[in-house]
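The two complexes that follow have chain A in common; it is paired with chain B in the first and with chain C in the second.
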Partner chain A sequence: MSVLDILINYYPAFFKGLGVTLQLCLIIWGSGIVVGSALGLAGTRSPIWVGLPSRYFSFFLSGIPLLVFLFWLHYPAQAMFNLVIDPFYTAAFTLAIVNIFGVADVVRAALNDFPKQYLIAAKVTGLTREQTVFKIQLPLILRQVLPPIMLLQVAMLHTTLFASLISVEEIFRVAQRINAQIYRPVEIYTALGVFFLAVCLPINGLAYWLKERFTRNLSEQ
Partner chain B sequence: MLKASGLYKSFGDKHILKNVDIAIAPGSITCIIGPSGTGKTTLLRSLAMLDLPDKGTISVDEQTFRFPTTAEEIDPPWPKLTAVFQSLFLWPHLTLRENIMLPARGRNATAEKDIQGLINLFEMQQFIDNFPNEASIGQRQRVALARALMLNPRYILLDEITSALDVEQTAKILTKLAHLKERGIGVFLITHHLGFARRAADQIVFMNEGTVEEKGGVEILSNPKSERLRQFLSLTEMAS
Partner chain C sequence: MNAPDHQMAATPKIAMRDVKKAFAGKVVLDGINLTVAPGESLVIIGGSGTGKSVTLKCVLGLIKPDSGSVQVDGKEVTKLSGSDRDEMMAKFGMLFQGAALFDSLRVWQNVAFGLIQGRKMDADQAHEIAIKKLAQVGLDAKVGDLFPAELSGGMQKRVALARAIAANPEIIFFDEPTTGLDPIMADVINDLIVDCVKDLGATALSITHDMASARKIADHVAMIHEGRIIWYGKVSELDHSGNEYVDQFIHGRADGPITKAASFKHL
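After this line comes the complex of A and B, so read on.
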């Protein structure tokens, strides 16, 4: 049975798993980019009340392996509070938290490191607040944050595979189940690898292109 | 008239400006000279209201700003009062042409025509569509000056704008400053080029340790009253 045969025979199951993976991604990416950017911005505006706790929590998170965090929220945390939560939501919540703080770190660092001299030049040349934000700050900050945020999103897509370990029926779990039935690990995991390559490489490629295109060396001679 | 009275400015426990009085008339050139670290750039930044003075008043024509105050409480008259800094602060993601045109659009009805005149005057044809990091320091200095001139300011504050220019370009800036003077623009210029100050200035201000040690016409360069200015001029002559 070839990779193609497996894809043809089991495509409904693969599509279902793919659907779950994409749902997870949409939640993780959406919340990470929207809430993470807002948190990063708020952290710059209010460094004591928002920025500091956010940095400490991010530092704390960086010390916990993702799998431990996921399992802790799935088993002990739910047992402690006598809760039973669908593993999909536990996985989505865990990965979203990681993504939110990752994006917030990138945005906060870019805003904090923004060279003040460009704002001084905007002031003395009489640019309005809107012109300063839309013509100077946003283009420069986007150039800096877009590539790392995109690479982070690809990394987050990879981490959705961990959801299979708490029984979320995403694409990796589907592949494991099909393999348990027909035992064709080479073909099945090759097909899975091809799928991830097809999704991740264009995003990675776009991130590198943006980095090359926009984050060229701006330093003066 | 751009006028500052009794300006004080400290950073922490370092007193940078101490009771500085200065006046720049429209249509005149004031050159600030003095040793490094004596508060010349701080005075420029205070006059431009980028670093607000701790005490004193600044008047820009009919508007008077009294200090201490906070940045939120004042509305500085930019770009009627504008500045060009030694570190030129060009926006790195815009071409040199866009750097000049962005602030001018909407303020200068003849911007397209004026920029062409400035491109010709400062010989910027070869590099005007480059990005700042693709231009030499001398080219960027010309662009930064052109950006300020396009705004038709009433007062322009210049910090060491000829530091990286060759003799020919310095002469052109000198000519341009004379044009600005004729157009009624008040020029405040920090410079280490005494020859430039001698030829361009209506008023020379010598700063030392945060105070105005001596000021007057260009004659103070040949006949200084204070011992410190005499010493400064002698060392500068020796160095050049």
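After this line comes the complex of A and C, so read on.
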């Protein structure tokens, strides 16, 4: 059986798995970028009330292996509160939390590193507050945060595979199940690998290109 | 505005009277008195952390003093708002220590940006002025199409100078214009500064650690120490000021009254 045959025979299952992976990604990416950016911004505006707690929590998260966090939310936490939550939502929630704090860290760092002289220069140049935000701050900050955020999103896509371990029927679990039926690990996992390469490498490549192109000389503060 | 002409001429371009500023209880400016006459170039010297930049920011209206008065052309800087403030800002040009070029913009756009965004000039006209100003600081029109990151430190300083003079300011501020440059490039920049200021007939207020630069660009020198002006005089008087603080500073000696008073405070 070739890769093509496997695809032809099992494509509905694969598509379903792919759909679940995609849904997970959309939730994680969307919430991470929107909420994470807002949190990062709030953290610089209100360093004590928002910035400090979120930095501590992010530090705390960095000490827990993702799988332990995921399993802990899946079993003990739900047992403690006598809850049963669809593993899809548990996975989405866990990974979204990780992404939100990851994005917030990137955004906060970029905002804090923003050279104050630029703002003074803008003021002396006679720009209004809005012009300064939209023509000076936003473009420079976007350039700085875009590459690391893109790399983080690809890493988050990779972590969605962990959802298979709490029995979310995403692409990896589907692949495992089909393999259990027909035992074609070489074809199945090669195809899976090629699929992920095709999705992730362009994003990572673009991130590196942007980074290369736009890296600012930070000695110039 | 209805003062007679001879009185207008007597109004200093910049006047600071008894300006005080503390940050979180720590006194930085402890009664600064300074005046700069129209067309004059004053250089403020002094050690690190003595409040030079804060003084400059007070004049620019970026920091509000706790007390005292800061006047530009006889108008209180701290009391301005809205369009009066913009009008005041329009008189200013500034060269920053780190050049502070906007690296999202091309060189010519950096120079023209204030004209287009701040003064609503159309892009073609602003481009033309930018190229002229770049030529004035010795840069080819081709440089205008590059990005700041593609330039050497000395060229960036030139661009920053072109930007500072783009709108023909009446007052130009120079914050440590030569730091980070080799002595030869520093001298070139000093010459350009002198030329540009003369050319515009502008008033200049500068801060520097670099005595060679101070000697070149200053008409008058003021030395700041512990938040006060402890010496003020003509640049030609610098070498026989009779002030031991000034002597220690201009000769860069480790031993003297400046370090005697301060050496234990910072430990």
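Following the convention adopted for this analysis, the second predicted complex is superposed on the first by the 215 of 221 C-alpha atoms of A that agree within 3 Å, B and C clash if a C-alpha of one lies under 4 Å from a C-alpha of the other, contacts with A are read in each partner's own complex, and residues count from 1 in each chain.
In the analysis below, a contact is a pair of C-beta atoms (placed from the backbone, for glycine too) under 8 Å apart; a residue touches a chain by one contact, two chains touch by 3 or more.
Because the structure is a prediction, the values reported are computed rather than measured.
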*Does chain B (first) or chain C (second) touch A:143, or do both, or does neither?*
both
*Of the partners chain B and chain C, which touch A:12 in the superposed model: first, second, both, neither?*
neither
*asked:* Looking at A:118 after the superposition, I want to know if it touches chain B, chain C, both of them or none. Which is it: first, second, both, neither?
replied: both
_Which of chain B and chain C A:135 touches, first, second, both or neither_ = both
*Now for A:63: first (chain B), second (chain C), both, or neither, which partner does it touch?*
neither
*In the superposed arrangement, does A:126 touch chain B (first), chain C (second), both or neither?*
both
*If you lay the two complexes on top of each other, which residues of chain A touch chain B in one and chain C in the other?*
117-118, 120-121, 123-127, 131, 135-136, 139-140, 143, 217, 219-221
*chain C touches which residues of chain A in the complex?*
115, 117-118, 120-121, 123-127, 131, 135-136, 139-140, 143, 216-217, 219-221
*Which positions of chain A touch chain B when the two form their complex?*
117-118, 120-121, 123-127, 131, 135-136, 139-140, 143, 214, 217-221
*Mind listing the chain B positions that touch chain A in their complex?*
48, 50, 76, 78-79, 81-83, 85, 87, 89-93, 102-103, 107, 131-133, 135-137, 140, 147-148, 151
*List of chain C residues in touch with chain A within their complex*: 57, 60, 62, 86, 89-90, 92-94, 96-104, 113-114, 117-119, 149, 163, 167, 173
